[in-house]
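Both of the next two complexes hold chain A, though its partner changes from chain B to chain C.
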Partner chain A sequence: MNRSAWGGVGFTLPALLWILLFFIGPVLLMVAASLHPLTAAGVPSPQWGLGAYRAFFSQPAYVQALIDSVVTTIVVTVLSTVISYPFAWSIACVVPARWQRLALIMAILPFWTSYVVRSYAWLLAISPVGLVNKALLALHLIHRPLMLAYNPHATELGFVHFFLMLNTLTIYASLKQINPRYELAARDLGASSWRAFFGITLPLSMPGVATGAFLTIVLTIGDYVTPQILGGFRQLLLPQLIMMQIQRQLDLASASAMSLILTAIVALAYLGLQRWLRLSRL
Partner chain B sequence: MKTLTLFASLYMALCYLFIFLPVVVLVLFSFQAGNLPVPPLKGLSLRWYLAVFHDARLMGGFGHSLVVGVVSSALSVLLGFLAAYGLARYDMPGKRFIRGIIMLPMAVSYLLVGMGLLVSASALGAAPGLPTVIIGHVVMNMPLAFAICLAQLGEHQRRIEYAARDLGAGTLRVLLTITAPMIAPTLIAAFCMCFTLSWDEFLIAFLNTRFDVTLPVVIWGLLRGGLTPETNAAGALIFLISIGLMLAVEILLLRKRRA
Partner chain C sequence: MARLGFTPRRFYGIGASGFALLLGLATPAAAQGTLNVLTWCDHEDPTLLQPFETANDVKVNFKDIGSTADALAILGQSKPGDWDAIVMDETDTGRLEGMGLLAPLNKADYPFATIPSQLQDPSLTSVNGSLYSVPEKFGYNTLAYNKANVDPAAMQDINAPWQPQYKSRVAVYDYYVPEIQYAALALGLNPETISDADLPKIKAKLEALKANAAMVGDVTSTQQALTTGAVDILVGGGEWVTAGIAKDQPNLDFTIPKQGGIRWQQGLAVFANSNRKPMAVKFIQYILSPEGQARLATSACYWGMPASTAAALTPDQKEILRWKDQPDYLKASYTYLKMTPEMDKKLQALWAQVMQGK
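So, the complex of A and B:
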């Protein structure tokens, strides 16, 4: 290595050390903690063992929470992508160029409401005495308030609202990077506008779709606030179980094991979407 | 084409309605004169905003969030900028690997970072508190600051840096008097971005504090007490501050693009 290379390493070193010391190190400690399951006395066992993982997979309620978490994440990811794509496309291709920036800013403005407050605001909107029910009653569309809050669909609603904004942003950015001449060329060669869209525009916008989808998966599967406020208690998701391990059982070994299982699912999603992902170009 | 435009406009209107519904509910009922943040609206009043300013817990949480936000964002931008400068200006082996390591936290959930710090603090016997939260927020936000800086360190500045070097300036002097001032708007924008994410972050703060809690954790506690327009008022104020910061980012980055 020449002198210049060492200089470059010097500049990147503080950031690398920070990640190593405060992210990779702690995660390795978590792995170690998860391999020392609690004994009957409630202290970490001195022996290494897979007890925490075995306990997780032998509890039907825990496995159900894992399945529910994965299903919720898939539903939320698919819905937010499908709803946001036409929205982003409309902003990029229908709205006149000079208004696009404003249209996009408006589309992601509520993104900046406080994270905890956003779920609370949805709770207010869809509660039996909330604005949505009051409006539907006033319009005589319903006769009794609908029970919209405190169920798994309310959780999905809260998530889809948030990720609709995020995906609109990533898909819009991807659509704007496509050279419009490609589609014109396809049209000149006789493709219908549908064929040009599905043959040219859609494949070229996949990086935006995949980036948005991946962020949706990461942030949905690890979220505790939205299901806790909107979801009610009939269905618990994995992060809620993890919190219960920490707060009620004081069982860091199980909580670590569950967090690592959750991370393994995120890693699978990453591998699946990898060929399109452009995380550094957000 | 006409029908397509019509459909698109209709669809966009529906999306905007959906996106803004909770914000409207939040802000509208923060002005509620009555005691509940649900219809009917019993007149408009600012009493809940006054209540927020007189609430010691909320104001304490605000102070903690401010400290965490400012310190963690300053560290994120400093480390992210240095790393981006190193990668953009020097040739070295393993560039992709270094970039991958720095960007790694962007691919994991806040829960993993928060849990990792909790487990480490308990293994080391460290008391939970704001320093741990700051450390966690730098882990999550530094990759973002790094990516923003890397995107802005182009060839244009490199030529000016060479000129300064030819005139005898050392590495540090070039960095401090040439590069940093040239991309100052980017650095400020990255700072604002990190700050809005940090001061609103819940999970890492929730897991790693006990008494000196941040604003989102205080609001979380308020929610347990039932529905009150005070929560709406606090939420509306947080929204206002975040929007102000993001507008600053927008203006800074837009001006840069035009320049």
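So, the complex of A and C:
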């Protein structure tokens, strides 16, 4: 290798070491921890075994938590994408170029606050004594407060609000990469505006859609705070179950097994979206 | 990059410095003039620590923990001798002693004459006759409520949160141990001796409670729900929810129903491999002093009953903490379950089943 190639390796090595130390290493440690289930005495067993996985899959409430986590993630991902696409498209294709930067800033403004603060802000809006119920009561549209908070839909609302911004950014970036002449050419050849959109714009913007969807899946399925604040335990999601394993008995085997199950789901999502995940197009 | 003088060697130099800095931050200070304590948030007020630090020319280097499991995780990443003392739920005394982590203490070093007999329960503080933990603060997981919206007399019945008139006006604290014990007590069972045979009945009782509740949540969420008026009753609440905000929210109160309540109790212990045991003992003595007890009881993080009856609280503070009711409350309350990890797993699974129920 020549000197510049060594220089390239030199600059890449920290990133590789970082991934080894802070991703691959911890994952391997988690795999090892998950294979030493807690004994009746409350200490990790010296023997290797799949007890933590068996315990998880033999407990229907735990499996239900996994299913609920997956369903919540799918609902949030679909809703965030469907709502954010037209929003991003209108900023990229309808809003005049000189206003696009301002429109984007407005779109991502809520990102500037912590998501914990945002979750509590939602609670102040939708709780039984929140702004929404107060307004509906004042307008005599309802006679008793609606239970808008403390349920799975409140959790989904908090997530969708957060990921709308993220998806808007990734889809907008993808749309701006598309040469507008492609669509003009399609229109010249007789395609309707709908056909041009579905035949040209949408397929070419899929890297942005897939990237946003993947980030939404990763961040939703592992989130503990939003369901904890907004969900009111009407539904127990897997991250909450993982916290239960850690907080009381420091049951690293069960917590690691559950975390690795979540990691496996994220890996499946990656494989499913891999076809469109082209970060270079963003 | 090279034009900016940003070579791989310099790049690694910066990285190594940052890593060294991170390592330095991850371990407690080891200087002679420090005492390293694993604490709950109520021990972190400067008003509590400063008098001790000044009097003993020592810096209390504290690390916040939320549970004994957090402490075990930190200890697992520390060198022997890094930590000197710990604040813990006293039901964990036996567990930590069994792991060889705690040093035996001399009972004569502490003001046990001022600590009510219920708090001195050897099953919480001692193992095989040796003292390992000194009670310092306690309180209750019973009923906290808004007396402007519910009748305080009705809250004297432990079954009040199940009543239809409070539908969707109830919050449930999400720590499964005291909640399961509260449900057991409501069923007429002894909450200190729950067995496998009791679990189906307790599950059904908790499912009924959840059906009547607006929410189940952690400390912050349930306290927020009670203070904003989203709910009127908090099951599992107590003075730790209402006392600290009594001046701003005078309508919030707590009680122990006539059937009884569940009592939490925290204690201080010294680590077996501490290199500063005499200073750790002095720290416990300070916390158990009248001034230390008053400051700890009225901590900004949460209020609770001081373990020592000699605590130098003001009359107002005593009123808020229901000082004169304590002898009766202590008689009517049950400690957290002292259980095996296996039983704990069963209770966790039961709680998860209740939470997943539609």
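Throughout what follows, the second predicted complex is superposed on the first by the 273 of 282 C-alpha atoms of A that agree within 3 Å, B and C clash if a C-alpha of one lies under 4 Å from a C-alpha of the other, contacts with A are read in each partner's own complex, and residues count from 1 in each chain.
The rule is short, and it goes like this: contacts are C-beta pairs under 8 Å (C-beta built on N, C-alpha and C of every residue); 3 or more make two chains touch, one makes a residue touch a chain.
The structure displayed is predicted, hence computed values, not measured ones.
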Three-chain arrangement built on chain A, chain B and chain C clash or fit: clash
First (chain B), second (chain C), both or neither touched by A:I246: both
Chain B versus chain C as contact partner of A:G10, first or second or both or neither: both
A:M147 touches, of chain B and chain C: first, second, both or neither? second
Touching partner for A:S205 - first (chain B), second (chain C), both, neither: neither
Contacts of A:R118 with chain B and chain C, given as first, second, both or neither: first
Partner chain in contact with A:I229 - chain B first, chain C second, else both or neither: both
Which superposed partner A:V94 touches (first chain B, second chain C, both, neither): first
Chain B versus chain C as contact partner of A:I19, first or second or both or neither: first
Which superposed partner A:T77 touches (first chain B, second chain C, both, neither): neither
Larger contact residue set on chain A - chain B or chain C: B
Superposition clash, chain B against chain C - the stretch among 61-69, 97-105, 133-141 or 169-177 that is involved: 169-177
Where chain A meets both chain C and chain B, residue numbers: 7, 10-11, 14, 120, 124, 127, 129-130, 229, 246
Contact footprint of chain A on chain B as seen in their complex: 4-5, 8-9, 11-12, 15-16, 18-23, 25-26, 29, 37-39, 79-80, 82-83, 85-87, 89-93, 98-99, 101-113, 115-120, 122-123, 135-136, 138-139, 142, 144, 146-147, 150-151, 171, 196, 200-203, 206-207, 215-216, 219-220, 223, 227, 231-232, 234-235, 238-239, 242-243, 246, 250
Touch list for chain A against partner chain C, complex: 7, 10-11, 13-14, 38-43, 55, 59-62, 64-65, 68, 120, 123-124, 127-130, 147, 149-150, 228-229, 232-236, 241, 244-251
Residue numbers on chain C that touch chain A, as the complex places them: 1-2, 8, 11-12, 15, 66-67, 69-70, 72-73, 95, 99, 168, 172, 174, 176-177, 210, 214-218, 220-221, 224-225, 228-231, 340-342, 344-345, 348-349, 351-353, 355-356
Of chain A, residues touching chain B in the complex: 1, 4-5, 7-12, 14-16, 18-20, 22-27, 29-30, 33, 83, 86-87, 89-91, 94-95, 103, 105-107, 109-110, 112-118, 120-122, 124-125, 127, 129-132, 134, 161, 164-165, 168, 214, 218-219, 221-225, 229, 239, 242, 246, 252, 255-256, 259, 262-263, 266, 270, 279-282
